[in-house]
Structure formats: C-alpha cells, structure tokens
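A, B, C, D and E are the chain letters, set down in written order, and residue numbers restart from 1 in every chain.
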Amino acid sequence: MLTIENVTKSFGGLSAVCGVSLQLGKTPITGLVGPNGSGKTTLFHMITGFYSVDKGRVFLEDREITNLKPHLISRMGLLRTFQHTRVLPFLSTLENLIAAAPLQRGESLVQLFLRPGAVRKDERKNAQKAREVLDTIKLQPLAGELAGRLSYGQQRLLELGRILMADPRVIMLDEPTAGINPSLVRDLVRVIRGLTGVGIQVFLIEHNMPLVMELCDRVLVMDAGGLIFEGSPHEAVKDKAVIEAYLGKARDASKS
Amino acid sequence: MLLRVEAITAGYGGTDILQGVGMSQEGGTVSCVIGPNGAGKSTLLRVIVGQISPSGGRVFFDRRDVTGTSMLERARMGLVFVPQGTNIFPNLTVLENLEIGSSLMENTAERDKGIKEVLERFPFIRVKRSRPAGILSGGERQILALSRIIVLKPLLGLLDEPSLGLSPIMVEMIFDEILTMNRSGTSMLLVEQNARKALSISHRGYVLELGRNRITGTGAELLSNPEVKTLYLGG
Amino acid sequence: MDYLYHILVIALIYVIFASSLNLELGYAGLYNFGHVAFFAIGAYTSALLSLAGFSPAASMAIAVLCSAASGALLAVPALRLSGDYFGIATLAFGELARLFALNERWLTKGPMGLPGIPRPLGIEAGISGIPVYFFFTVTITAAVLLILRKTTMSPFGRALKVVREDEFVARAFGKNVFSLKVRAVAMGSLFAGLAGALYAHFVTYISPYDFSLNETILVLLCVVLGGKGTLSGPVLGAFVIILFQELLRFLPIPTDWGRFVSPIQGMIYGAVLVILMLKRPEGIIPEHRT
Amino acid sequence: MKRLPAVAVCLVVLLCAALAPAADEVVVGSITPLSGKLAVYGEGFQQAMLLALDEVNAAEGINGKPMRIHYEDNNSTAKDSVSAIQKLITVNKLPVIFGPAASSNFLAVCPIAQENKTILIGAESAAADITKCGDYVFRLFPSDELQGKGAAELAVSLGYKEVVLTYINNDWGVGLGRVFKDNFVKAGGKIIDEFSHDEGKTDYRTEILRIKKHSPRAAVNLTYIKEGATMLKQSYETGLKTQWLMGSASKSPKLVELAGEAAEGVIGTYPTFSQETPQYKHFKEVWAKKYPEKKVPVFGEYNYDMVHITAKALRASKSYTSQDIRAALIEAAKGYMGVTGDKTFDENGDVGAVYGKWTVKAGIITDYRP
Amino acid sequence: MSGYYLQLMTNGIIAGAVYALFAVGLTLVYGVFRFINFAHGELIAWGAYLTLAFSALIPFGAAIFPAVALTVLIALTQERYVYAPLRKKTGITLLIASIGLSYFLRNGLRLLWGSDLQSFGFEAARGLVFFGITVSRTQIAMFLAAVIFLGFVWGLLRFTMLGKGLRAAADSLELAEIVGIDMKKIRRAVWIISAVFAASGGILIAIDTNLEPMMGIANLLKAFAAVLLGGAGNVWGALLGGLFIGIAENLGVAFFSPGYKDAISFALIIAILLFKPTGIFAIMKGMR
C-alpha cells in the first residue's frame, strides 16, 4: 500500500534519514522502532509531506506522493498523528472531530452561500459520523468539553478519533502511548485493533516494546538514519544489532 | 549525600510527568537514569537544575534544600547542566562558547587556565577556536558542551543524553571524557538511551517508567537484571 | 436627531470595518496592520467611479470587488510570512497605499481630496439625507453581520480556527491552509472595502488623510477591546470607541484646555491597548467563556 | 456587556445637558483644529477670536446679550470636521459657523453648510474651489487665485524668468502651486523643475539638492512654517544660493525663530493690509495687552475681523435665523474696514485683496521694498 | 552632474548612519526578546524632548545626560511593567502592546509639549565643503556619533563578557539561562543600549532639524526597514541596512517624486520580506 524507495533527508550536512526503503501492506500493523534520534519521526514527516524528500520516492498504492503538499497527501487517505498531542484546545471535543472531516463542502465560500442545502446535509453527515467516532473512542460524555481540558490520554484518544473522521486508508501514529496510563493504553490498543478490522493499514512509531510485540505483526528497526532490521517483533528483540542499538554495547571492561 | 531528590511530582501545563520520583547520589560518583521514552528522565534533570519547579517534593543539593531556588543560584552552587539538543551557541565562536559556558567562574585566571586545558586536550577544537561553533560536527559540539564541566569543575554535572545521535567512535570518546571528569572530582548524573554503556560506567542506576521509580541498584546489578532488558525490548 | 444618526452611521461603518478585520485577526489569526488600505481602496474606487458618472450603487459594488481582489493579490505573496512579519509587511502596504493616494494626483487629486461624492439610491447629500442613509447603512450592516455569522459558524469558519490554532494539524487533515487564508483576507478586504465605500458616500468627501495608520490602530483597538474571534466583540468595540470619541464633544472642556483633549484621548487608547494585552487579551466578550 | 447600559446612560445624560438651551446668549459655532497636526495654528486662531469676542462683549455684546463662541475640535481631519459641523447644526442648532482651517477640511464641510442653509465663514481657507461652495459660504481670506497671481507677479517683477517650483504636498500647497504655475507661465515665465515635498519631514536635503542641481536664480517655495524653516536652514548649510520666494503660510516670526540667519533675505507674498490704519494699530495694541508674551499668530488678524464682522451682522440682523443673518452679513461687510482691510464680499462670498511682499531683514519680518 | 549624485550619496550615508543607530537598538531587542518593539520610536522622540526640557535649566551639553538617563528609565519601566509580564506570550501580543505603548508615549509628548514644532535654537551655519561636497557640522557630528556608537556596540559584543552573553542570549535564551548567564543583567543591558542609542539619535536629529511628536515614528519605520534588510538580530546587518536605506531614499529622489521618499523604505520592507525574509545582508546569522 505504502511504498518508500530509498528516501534520504539531511539537515545542514547532518543526514537524518539515509536511503531507507520499505513497503507497507503485507501485514495490517507495522511497528517502527529505534532509539531516539534514529530518524523515525523524520521519516514520518517525509512520507506525509511535512518535510521535503531530498532523494528517493514515496508511493501510496500506485500514485507517487513524493513531495506533495501535506493536505493533498492527507486527502488521499494517508493520515497521521504527531509526537506531542496536538488537539485544538479551544474547540470542543466534538468540533475537533467534525473539523477533521475531509473535503467539506462548507469550506468553500461559494458552496456555503449558493448550495446551503448541500452544506447542511454535509454537516449533518459529519456530525453523525463524529458521534459514531466518539462512541468508538468512548469520549461521548466529553463531547461538549473544550479539548484543551481533556486529560493527556483522552487527548491522545481524540487524536486517534480525528483520524477516523477522515476515512483513512493508511494511518501513521507517532508514539501514540507515550506518557499515558495503562488503562488508557488498553483503550488505544482496542481502537487500533478495531481499525485493522475495517482494512486500515497502521504504521506506528512506538517505544513501548511490550505493546509493539502485542500489537504489531511486523516491525522495522531504525538506527542512525538507516533501517537495520525488518521482521517479526520476536525476532527483533533477539537480533544482536537491535539489542546494541537499543541498549548500547556494554563498555569494554578493560577501558573502565 | 551530594544530591537527594524526594518524591518529586512535576510536569508541564498541568499534566504531571513525574509522579513521586526519588533518587540520591554520593559525592564523587557517577549515576545514570534510564528508562523508555516518556518515562520522565529529562523532566527529572530539569527539576534538579531548577528549570521546572516541581508541584511536589524537594531537592537537596550539597546539604541544602534548593527547592525553589533559581537556576542561576544552583549553578553557582556547582550544579552544571548540559541539556539535550541545543547545547552550544552556534553563532558564537568556539572560544566564546567556552568563555560564556564558564562565565559562572569569577576567577578569570582560573577560567583561562581551564579553557587552555580544554584546548590542549582537544586539538580538533583548538584549530576551530575562532570559527562559529555552528560549523562543528555533532560529536565536536557535544565535546564542546561537555568542556564546560572541565573548566568549571563543578560538584555535579548533569548530562542529558550525551551520546544521542553520535557515531560509535564519538560515543566512546564521550564516555571516556565522562569518566575522566569524574576522576578529577566531579560527580556525574546522566540520562542515557544507551543503557548498557551508561550502566557500565555508573556506580548507581535508576530505572524510571511512566514517571515512577521502577528499579534501583548499582550499575552492575542493573546490567544483569533481566527486567531492564524487558523494559527496553519487551523480553 | 440627525446628529445621532450621523454618529450611528459612523459607528456602523466601523462595525463593518472592525468585523472585517476580525475575520482575519480573530478567526484566521492573521494580524493585518495595513487593513486601512482596503478601506481606502473601497472608498477611492467607489468615489472615483461615481464621480466619473457611474451610478453610486454600481460604483460601490465594483469598489467592493476591487478591494477583495486587491486583498487576495496582497495575500498571495504576503502569506508566505508568518506572525509579526506579516504584520509589518501589511503595515508597509497600508502606508504605500496612502502615499499612492497622496501623490498620484492625476487619479486621486492627491491632497485636495475628492469632494461632492454622490450618495447612492438617490439619497440626498447633506444632512437631510442622513436618516435615509442611516437606514441604508443599517440594512447593509445587518446583511454583513448575517453573512459573517453564516461564514464564521460554517465549516469554513471552523477550518479558519483550525488554521489559527495549529497549521500543522490543519494540513494533516487535508485543509489547504494557504487557500483558506487567502480567502479570509479576500473576504476581510471585501468588507473593509464596503465600509470604505459607505464612508466615502456618507461623508461625501475623502482625502488621503482619512486613511492613515491611526485608522488601522483604531479598528485594531475596536476588535481587541470588544473581543476577537467573536461576532459581537468588534460590534461592541466599534460602538464603545466611536461613542467615546463623540462623548468627548459633550464634556464641558474649557476652551484653553482644548489642546489637551486629543493627546489625552490618544493616551487612553494606547493605555487601553496595553492593559488589554496585560490583563484581558480576550477583550470584553471573550471567545471562550470560562 | 454590563458596561453597555452605563455608556448609553452617560450618552443620554450628556446629550440632554448639551441640548439644554443656553439662555440669553448669542452663540456662534466654530470648528477649530485644537488637536491634530494643525493644532499649532488652532490655538492662535482661538486667541485672536477671543480677543475680538472680549471687545464685542465689552461693547454690550449683541444688543445686550453676550456673544459666545462654541468651539468644536476637528482633530485637523475632514472626518471630524464633518462630525463637528453636523453636531453644531443639529445639536446646537447654530445658524453661523466659523469653518475649519485647511482647505480640505473646509471643502468637506461646506456642502453640508450650504445644504442646511447654515452660514459658514472661513478666516484662513484659501483654496480656489471654495468660491464655488454656494451662497451661504463666505470667507474673509482672499482666494489662492489671487495669491497665486500675486506670487507670479512678484517673481516676474523681480525679473526672474526661470524658477524652480516646489510646494508642500497638501491641499493648500498643491492648489496654490497650480495657480502660480498657470499665472507664471502665462506671464512668459518658465518652470525649470516642479515637485512637491512632504509635510512634516525633518530632512529636506535631497529636495534642496534637486533645486541646487538646476542652480536657479530663484526658487518658489510654497510651504508651511516648519517645513519652510527646515528647508531654509538646510539650504543655507548646503550653500544653495538662490532667491527664495515664499507664500503667505510661512510668513511667521516662528519661521525666523527656527531658521535664524538662513531666513534672511527671503521674499514672499501675502495678502496684505495696511499696517498704518488705526484698526491695525488698535489690534496690535490690544493683542499686546491681552497676550503680552505672544506674537500675533498667522491669520490672527483675519480671525479677529471675522468675529467683529459677525457681531456687526448679528446686531443688525432682524432675527436669529440664517436667512436674516446672511443678508445682514453681506450688508455689514459692505465697505467694512477691518484690520485686514476692505472686507466687502463679492457675489461668491469672496473678498478682494491687496498682495504685499514680505521679507526677512535682520531677523525681523518686514515689508519688502525694492 | 556626478557631483550631484555624490552629494546625494553623502547625505544618504549620513542619514543612513543615524537610521543604523536606531536599527541597532531595535535589532538588539528583537534578537534577545523576539518581538518588534514599535515603541522604540518614542524613545527617540522622548530623548530629544527631554533634552529640550533640561536645556531650559542647564547648559545644552549638560542637559543631554539627564535626558538620556530619563529615556533609559522609560525603557526600563516599559520592560518592568509591560514587556516582562508578557514574556511568555507570542510576538504578536508584545507587538500590539508596544503599539499601545507607542501611542501612549507619543500622545504624552503632545500633552506636555504640544504638537507645535520645537527647536533647540541652534544657529544655522554654512556647511563645510570637501571636494565639492557640502556637509554641515551637525551632519559630521551625526556621522561621527553613529560611527562611535556602532563601534562601541561592536566592541561590546565582540570583546566583553556582557556582549558575548547578549549574543548567546540571542542564540538561545534557554541555553543562556542554563549556562548561568545573568538574564536580568542582559535584559537590562539590551534596554539601556537600545534607549541610549535611540535617545542620542533623536537628539542628533533634533539638533540637525527640529523636534516634533511624530519624529520618532517617522524614523522608526526607516529603522524597521534597515533591521529587515540586515536580518533581524544582526547588528552589522542593521548598519548595512541603515546605510542602504539612507542611500536608496536619497538617490531615489533623483528619479522619483520626493513624495515617494518614504515609500522607498516601505517598498523595500515588502520586497525584502517577500523575496528574502532572512534579510539581504544576513550573510552571517546570529547577533554580531
């Protein structure tokens, strides 16, 4: 579904991602792991158009999306979350969801004034959908609350819900569980699993290894801007290169 | 006890990242804080240096309760912090970075001696001393940032991810330097992703998870603790 | 009470002007410090066309479209800038527009200004026409506020707020941030132009001195004082400011104190802006009630 | 929101207070630039008017009732001038209003006065267009048409065939510059270069250099006091040697005070009146008595005359309606010899003028005598 | 007519040097505090007016000192009661607050001294002629003062710990605090330098020409253009930018109507922001 060919990105001489190729679609949930600074988030930014790609190409199904504008990429069904929560704090939970619906007719001034009926129909449809999503992420009681007042974990759930509003085909989650408590992690896992049931591809950056092992069918490991491993999570934790990337080499005793 | 942190609760904008973390460090030792992302390691360091004021708990340094004192005051007491990411001034020259980095030291003769020492120890810095620090490579930047500790010789140096994004050779070098600094009398507290390496040079290690203390022990104990590996790799 | 009508017409013109700025500043988060330029473009276009023999109503319509078009034209390049730089670039544009009006005498008669601008719909010039003009302005203001209400409460308004709050999120959800902002500026300029045209035909005389930086600051104050990002905020703000200005006329101020009035008024405006930023940046009517 | 009713109450209370008829006075309105960029002049106008008013009231006022001038500030802008006149006409219901300074402001209000048959009198508005304002609009200051002609005649009479022309970029400067150019060219003169200069700048060196480039024998500079002073000073420093010919708006002791030696030898035109008349001597005397530390401001004499003529007309008027006052005003002015000379109105409400020439000699403005 | 253009150039350079003086203050504030201080212009005007006030009591040369000191006090008061409480807010909030302050201070001037034109009352003097180029004594003083002041800032930034601290703060406020730079001192220094430069420039301009309440804002917009040309936060850029603006607007008058003299700097502001938002002369980044 998502194919990345040999993409490279460097910032002022420091290469952040270097010649990474990968393909998504063989399994419903793919994990991307690796130590801090290994280039995972940069890779996400490049795929979703937030960073330009220096070299290499990105395809969504058969269409090349390399260096397309982010909003065009997201309209094609490739949705993402951000590493830090980014709900719209001054909009209500429900509005956060409705606002995320793609290609709303009411966003065109012409349609807004010339086809008010169609716009209203759109709105009703989106509101209905938002309520369904609220059910899925179990935030119905907080529909009218300002999103900024939700707890951190609830905001994470809301972000996931926002993605669902956009009829995604591929979603990319950047550390969805970082810093949230275990019971909400369960909610998140449930929602993510639910997505695969309706044929959505999930690609996630995650540091919580137990979670990765539970959730992912396949895992990619990055280190220092390159891909160092690809395979099942169970193989990954036994791979020597992965262990070294994660825990570091033990220091030579003679030196210390 | 050089540093004692008691039941710290702290975070940003209302959400508490740290939930009752405690730790302590003897003078002259190396300690490290490890743990998965989001565990609150950097936040802990920021609380210790005074960049974030905790909503609960106390920080004692050098037999004094420093909770609530300013960063500047703690720095003057001998608490030197090398943050992650931007830790040098890219538009100042290398030499100016050293001067500014050690501006806490009022004795200028001593300071100049320290700077000279740094320049002698790291020839690759000496040759670029009049160039803007922004042109340095990642490893050179890290060395330059660490040099503050060499010049200032503080009681405690706090390093946030000193090996992040560096090549293996540079990582080795950084850890060598940490040990050297320790030998010259500065206690070191590191937050590290490179858990094995950090533990292997530490007298004591603290493993955090989700803002709480998970495991505590000597470096060697933790190195052999299977739970540590599980935390990182899910076992 | 022709005088009261006169004040109300001026206040309503500022209601439109402030609301148009609010669309950019309050909803789209764009700090346009050259907004007076579009007020001027509306005023001059309408005045020149009607003086050249077009019907005043048609002139106003053309003027409004001209303002909208020039707003969009400015926005396309200027929107590459963010925050305070956008503010400075628009401020410079506003001053350029004024200097153009001042210096291009073949077109605008320069500092002589344009007197004798006819009123639309056969409304008489002079005071006898004021009551009718008042109802004309009320109708237009009501229409503008209705349109703005519809616009800001629509998915379009919501999308603007998303852009204002977080451009990254907006992009990630398929919003064409650039296009949304251009549309916001174009629409803001359209209504600013309308306010300008209403002003020109009401006062029946315009000159470059009517379109200085002070005007921008005055409407900025209306918006910030009333409460940005709300429909009623700028309306309230404009009324408060304009009525305050007129009220000063009624204070029994000794003649030799007269020269202190305007400086004190200016100091009050300045202090109000500062205090608002310090104590109540959300204005009298806050967008988010707490 | 709670504040809105309070504001409304204040408005109503103040409106009522203002509407309460002031008993037993005869009130005349005045739109004066008390603030804004013309406030420099406004205060002087006001003082001159007050001087005349004191005399009127000392002489039993208007048939026993004191005369009062109700001042409205116009912030030196057209918009506020319009607000002010609307208020004077509709709230204060005054049949006679002294118009605002600056022709652009005057032009903005004159259609309103005409439309409402309210008498509008200008003491210092010079624009030629004002002639066409209508039969309720009068002015005591001669039209630019005359001054432009006068300035052109001055240049010609001094033997300057070619001049550089610069004028301040505002309604007055541009208007006068146009009339000067028309008349000068008609008289066979040639304008080598013509440009406007901005109001209120501190640095006019580039403009001076542009004049210097042509090395003209004479440069006509139609400008205000502070711009004029700055330009004179900077041209003196630059070593520009040319004969400056200036207009009436810069004829002020302030110009000499600011420019010092650089103002020496400047020649200008101004609508003149004899300083030998008893009226003028009387004016000088009372001015010095009332404002011992102040020099007579620009247009002060015109404002003084304006109040006296109006008082004369009000005394003679059959009723306090604008129609009657208008008739009385035309009658009162007929052959009236004020401080500023003969104030007889022509059919357009304009007055004639004699153009004098002023110059600066030893730091004092005096009449120019070749 | 090359003498004519040379003379225009010379005048442009002198005017530009003074713009640079204002621009440096503006750019320092921007570099360290990250907001555009609209009220900078009022420091210019207040410096001049206060000198006028004091020169009524004491000799002119002596009057400059209390005037500059009071201007500094105004700047520090602004910082204390307006800018410091808003430190955590966005640049726009600070910009609006500074617009408000500018309005407040400007009208305060008008209240105290009126809108009338004022003058220090120096006699006009013939300029000196060098190689056919005429320069007045005041112009020479302006240029020298600008050069000395700018040289002083250069030395300060280059050689003193305070200056290095300033540059460090401009690079990263957070790191500057971490390494133990006394931020209170830095903030104070920025405002003092900014106010001293503004006031001195204002006094020089007033000696050269006149005083009027709008004198600050008129020069401020030129200084803005200079700052933008040079790249915000860059002292040398501000100097080059100031010179460029001075020369451009002076030479421009030879080709356009003088009515567009101000327009040149506005047009430059727009052009720079659109085509090279980092500033044309920002060859070197950071504060230098």
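Following the convention adopted for this analysis, a residue touches a chain if its C-beta (ideal position, glycine included) is under 8 Å from a C-beta of that chain, and two chains touch if they have at least 3 such contacts.
The structure presented is a predicted model; accordingly, all values stated were derived computationally and were not measured.
Enquirer: Walk from subunit B over to subunit C along touching chains and report the minimum step count.
Expert: Graph distance in the chain contact network comes out at 2.
Enquirer: What's the chain with its C-alpha centre farthest out from subunit C?
Expert: B
Enquirer: Using each chain's Cα centroid, which is most distant from the centroid of subunit A?
Expert: D
Enquirer: Determine the centre-to-centre distance between subunit B and subunit E, using the mean Cα coordinates as centres, and give it in whole Å.
Expert: Once rounded, the distance between the two centres reads 42 Å.
Enquirer: What is the distance, in whole Å, between the centres of subunit A and subunit C, each centre taken as the mean of its C-alpha atoms?
Expert: Computed value for the inter-centroid distance: 42 Å.
Enquirer: Any idea how many Å lie between the Cα centroids of subunit C and subunit E?
Expert: Taking the average C-alpha coordinate of subunit C and of subunit E, the gap between them is 31 Å.
Enquirer: Which positions in subunit E touch two or more other chains at once?
Expert: Each of 114-115, 257, 259, 262 in subunit E touches at least two other chains.
Enquirer: If you look at subunit A, which of its residues touch at least two other chains?
Expert: Answer for subunit A, listing residues that touch two or more other chains: there are none.
Enquirer: Indicate the residues of subunit B shared as contacts by at least two other chains.
Expert: none
Enquirer: Strictly by the criterion at the top, what is the full list of touching chain pairs?
Expert: Touch list across chains, by label: A-B, A-C, B-E, C-D, C-E, D-E.
Enquirer: Which of the residues in subunit C come into contact with subunit D in the complex?
Expert: Answer in residue numbers: 1-4, 6-7, 10, 102-103, 105, 110-113, 115-116, 124-128, 130, 203-207, 209-210, 236, 239-240, 243-244, 246-247, 249-251, 255-256, 258-259, 261-263, 265, 284-285.
Enquirer: Please output the residues of subunit E touching subunit B within their complex, sorted ascending.
Expert: 161, 164-165, 167-168, 170-172, 174-183, 284-288
Enquirer: Give the list of subunit D residues in touch with subunit E in this complex.
Expert: 35-37, 39-40, 169, 195-198, 200-203, 205-207, 209-210, 212-213, 225-226, 229-230, 232-234, 236-239, 254, 257-262
Enquirer: Which residues, counting only subunit E, touch subunit D once they are in their complex?
Expert: Contact set of subunit E toward subunit D: 1, 4, 7-8, 11, 15, 114-117, 119, 121-127, 129, 134, 136, 138-139, 205, 208-210, 212, 214-215, 218, 249-250, 253-254, 257-259, 261-262.
Enquirer: Would you pull the subunit B residues touching subunit A in the complex into a rising list?
Expert: Result: residues 15, 17, 36-38, 138, 161, 163-165, 167-168, 171, 175-176, 179, 192-198, 200-201, 210-211, 223, 229-235 of subunit B touch subunit A.
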